[in-house]
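Each of the next two complexes has chain A plus one more chain, namely chain B in the first and chain C in the second.
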Partner chain A sequence: MAAEHWSERLQRFDRRWIFLIMGLAVVVPLFVPLNLPTRPDPMTKAAYNTVEALPEGARVFVSIDLDPSATPELEPFYRAVILHLKRKRARLVFATTWYAAPPLVNRYLRETVDRAIAPPGAEGYDGAPDRAYQRNVDYVYLGFRDGRSAIIQAFGSDLRGAFDGRADDGTPLDRIPMMQGLNKLADFDLVVLVSAGSPGAKEYVQYVGTRNRLPMVAACTAVSTADLAPYVQTGQLLGLVGGMAGAAGYERLVGKPGAGTAGADVLNIGTMVVILAIVFGNVVYFAGRAHRRRGGRS
Partner chain B sequence: MTALPWIDVVGYWLGIFLTFSVLSFLYKDNPFYKLVEHLFIGVSVGYLIVLQYGDNIEPKVIDAIFGGDLDGVWLGLRIVALVLVLMMFAKVVSRRWAWLGRYPLAFVVAFYAGLQVNAMAQAELGAQIKFAASSIDAPKVDLNAAPAEALTSLPGSSPAVAAKLVAERARQPFTSVDDAATRPSLTDLERADLAAARGHLIGLDARAAVGPGERDAFGLVSNLLLLLATLASLVYFYFSVAHRGPIGAVSRFGVWILMIGFGAAFGLTVLGRISLAIGRAYDVLGRTVAPEDAARIHAPWASLASIALIAGGLTIWELRQRRVQPVPPPGADGQS
Partner chain C sequence: MKKTVPLILGMVFGAYALAEFYLPHHAVAGLSDELRSWAAILSAAAFILGGLNILQVTWPKIRRREDDWGYKVVLLGGAAVMLAVGLPWHKLGDPPRAPTVARTAGGAGPGATVIVTVPDDVTYTVGTVVGPGTGAPIAIAVEPGPVAIKLSKRLAGYRPLTTTVDVAAGDTVTVGGEPPILWGRDGRVFTWIYDHVFGPANATMFSLLAFFVASAAFRAFRARSIEAALLLTAAIIMLIGRAPFGGAISSVFPDLAQWLLDVPQNGGRRAIMMGAAIGAIATGLRVIVGIERSHLGSE
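Our next item is the complex of A and B:
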């Protein structure tokens, strides 16, 4: 019996070895950081520049449309952009259109808005400090509304009506001074979208952004980046932060490294493992094909 | 600062255990994975029902109809909505009356189709066609004359850098891009950012100039390629003529462009999946909580305990499986 060709043996390679290698590629750099450089891409830089150009005290609508599975990619951007906005003393209005988001949003507000993210003297941070915001004074949380694209369209025409005129804690919006003159999305200086999928940035662009020429920046999962990038080219989005790599770039621009920067090492090494696995698979495949053409066993 | 409540500590432990239970699927389908699968679906459905009741049914149906706050047309509209909802259930309770369920479905389909047509026409067709039909010309940004917004858009720049460049050129016009990038009013960090982007400012993809009328050659090629790629991709989806001869060649070019697009999407998907793994690794190692909370959770120990528990459970499960269904000897099934 002829000896089995190496490519045939490797075609039966147990794919669980790949899982193990990938697991190690993810875990080891967390213990031994390589501190590989991260550079913000042009779309991330455009998002940063848009926020940076806001006047002090600008009114910003932040839609946090995500679920727990998207937090590794989107939470780093959220934390960085909120610090950036608070440094500009922006007045913030939060809402979500994802049913799984409210528990996350409540935690985010507790950790990043009710408290200072980078108080004076914060370790490893040289930028301007932020401060704790007061609910219904410096920021308002409107809560969750279901209705997918229809509710996003409603935000564009009657934001107060969409939330029955009340904030999430039941306070009538008419009694909140910072809500004066804020009746629809066009009344805001900027719309920031933290978007894990649908409904999210795409629907905001389609249903309200383009029609009302809203200034909008978005952060999305890496999977959605290719879908949303054309909107940046056309100016329908003023900036786009794609996945954890984009978030790492935004953190660098804001000057406060966080989970995105820490994850960039792992992302680089993990991507390298995937590239090597693809090359390995192709080498085995083509070697096997060449062997069969030479008359080897199929 | 208050210590993390025990219920939250237990919650973190549960999260770690459930994470490893899901990962146990990499070994094979097993009871730990099944447990998490059922738990996830049950919790999701339960949470959604409670949320929908509190957010929609109670305030918009029960309170609105029986609370007495609405009357006339508004009350009628809520009742119509309630009737449409009840008609949906006809499909479940009676085959004879199942046809009633088609009316609310028709309403929903028509409503969203109406919304979608308008949105797509404006945001997708209109805006994208307008962009695709724009000039392929790619003039460089004249550092001595361009407005601040154009300077901000340059690689390595920012609104602060653009403002400083405007002030600097008013004092003394720039003689070269390097001259602009090294002016004294720029901070070390800003100079470093501009130096890092120097290749995009003066190299092959030169976007900046110090005089009017210069063209970005790389930008011109890029714009031309974008135009040709758009047209070729559209030709691929044009089925009214046979894809032979010149049309076939253009169509084939379109396929290559589409493949490059799918490749980019696949690469981004891989990045997204690795990010998910990073997120879970952070959680099971206790890196996502404050150090004082991490000291209470002992995530690495909880991870080891979870792995041991799952490995032990899987061993017992395998032994029981073999006792119930003895493993056939190699070759008994006719395959080597």
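Our next item is the complex of A and C:
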């Protein structure tokens, strides 16, 4: 009986070894960082430049449409852009269209808006400091509304009506001075979309963005980047931050490395493992095919 | 009749929603806003129907002890627990909204003193002074006049205690209290379950993709044909170009990846999007004129 060719043995390679290698590729860089430099891509730079061009005290609508599964990719961007906006003393209005998001958004607001992200003297940060914002004075959280594309259209025409004229804590919007003149999305200087899927950035572009000529930037998961990239080319989105690599680039531009920069190492090693798995799989495949053509066992 | 009325409603409202784009009049926009509010209410009501539907589908399977009935018990149990902790039970009682305040007048000096005694998991705010509690009395000097006082837990899900005390020169004001627990969507138990059960479970499901992608990369991603080889090459360039190490090797990789994204990918994607949009227009028109009736259910 002829010996089994090596390629045939490797075809039956136990995939648990790949799981183990991938597990190590994810965990080890967290403890042994490579600190390779991140290079912001043009779409991330465009998003940064759009925020940077805002005037002091600009009014910005932030839609946080995600759930916990997307936080590793989107939370780093969220933190970086909120620091960037707070440095511009922007007045912020938050909302979400995802039912699983409100507890997450509440935590984000507590950690990044109610408190300073980079107070004076913050370690490893040379940029301008931010300060703690006061709810219903410097920022407003409108809360969650269901209705997918219909509710996004409602934001475009009557934002107050969509939330029954009240902030999430029940305060009438008429009694909040910073809400004066803010009745619909077109009244904002910028719309920032932190979007993990649908409803999200795509629906904002399709239903309200183009119709109302809204200046919008978005962040999305890496797999959604290809979906949203055409909107950057057409100018319907002024910038796009794709996945953890994009977030790391944005952090670099803002000057405060965070979870995105730390995660970039995981991304590096994880991507290498995937590339090696592809190459290894193809070497085995072509070796097996050559062996069969030479008359070996199939 | 059962289908005619929904068909007519679909035609009328569908045509109106379409016409609204071409009629820039405030009366038209007002009615559209009203209709969108209806849509939002219907969408929210669907959650209730969904809950009832889960019960209707799952309960008989548990009763008959069908395959995996144990998971369905967990499903219903989880839904029941979240429903129970999601209700604002604290509204049945009357938990305090302000801290306890005791005032002693008649001290000497131009200023006043606020003495705060709170546990170490409570943060106090007295005027502009913010600090953590220690369980022991903490004396804070304040100027005479109204002083805003706030006691809040460092964990989410508790109601902060707030009050404003008008202090006079020489007064000593003693403040105490513990923020009460809240129930409902912003409550402590709901938040804890979200942070410690739902969040990690949700993230775990997504994280497993990394392992399956690596496994699939070895087993399935093979250059079996010219098309597959092109796809494979593009994928490897994108992987290298989008990961930071690609830029560290050579700036060619990020530039090449960006070109792939901007030119072939966006071109193809745009064609798909336009095709899908034209299909959606055709389907919408079929619904409006009553040719397409599948949304009304089977005959």
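Here are a few things to note about the model shown:
Going forward, the second predicted complex is superposed on the first by the 298 of 298 C-alpha atoms of A that agree within 3 Å, B and C clash if a C-alpha of one lies under 4 Å from a C-alpha of the other, contacts with A are read in each partner's own complex, and residues count from 1 in each chain.
One rule holds for everything that comes next: a contact is a pair of C-beta atoms (placed from the backbone, for glycine too) under 8 Å apart; a residue touches a chain by one contact, two chains touch by 3 or more.
Since the model is a prediction, treat every value here as computed from it, not as a measurement.
In the overlay built on the shared chain, the residue A:A245 is in contact with chain B and with chain C. Of the two partner chains placed around the shared chain by superposition, chain B is the only one that A:G263 touches, whereas chain C remains out of contact. In the superposed model, A:P72 makes contact with both chain B and chain C. Once the two complexes are overlaid on the shared chain, A:L24 sits clear of chain B and of chain C alike.
Contacts of A:A150 after superposition on the shared chain: both chain B and chain C are touched.
Looking at the shared chain after the overlay, A:Y48 reaches chain B, while chain C stays out of its contact range. When the two structures are aligned on the shared chain, A:N282 is found in touch with chain C, with no touch to chain B. By the touch criterion defined above, A:V137 reaches neither chain B nor chain C. In the superposed model, A:T271 makes contact with both chain B and chain C.
Shared interface residues of chain A, touching chain B in one complex and chain C in the other, are 19, 22-23, 26, 39, 42, 69, 71-72, 99-100, 102, 145-146, 150, 153, 211, 222, 225-226, 230, 233, 242-243, 245, 267, 270-271, 274.
Taken in their complex, chain C has these residues touching chain A: 21, 29, 32-33, 36-37, 39-40, 43-44, 47, 156, 185-186, 190-191, 194-195, 198-200, 202-203, 205-207, 210-211, 213-215, 217-224, 232, 235-236, 239-240, 242-245, 247-248, 251, 254, 258, 261-262, 265-266, 269-270, 273.
Residues 16, 19, 22-23, 26-27, 30, 39, 42, 45-46, 48-49, 52-53, 69, 71-73, 99-100, 102, 144-146, 149-150, 153, 164, 205-207, 209-211, 221-223, 225-226, 230, 233-234, 236, 242-245, 253, 259, 262-263, 266-267, 270-271, 274 of chain A are the ones that touch chain B when the two sit in their complex.
Residues 26-27, 44, 47-48, 51-52, 55-56, 59, 111-112, 115-116, 119-120, 122-124, 126-128, 130-131, 152-153, 155, 158-160, 196, 261, 264-265, 267-272, 274-282, 285, 287-288 of chain B touch chain A in their complex. Contact residues on chain A toward chain C in their complex (touch as defined above): 13, 15, 18-19, 21-23, 26, 36-39, 41-42, 67-72, 99-100, 102-104, 106-107, 110, 145-148, 150-151, 153-154, 157-158, 161-162, 211, 222, 225-227, 229-230, 233, 242-243, 245, 248, 264, 267-268, 270-275, 277-278, 280-282, 285-286.
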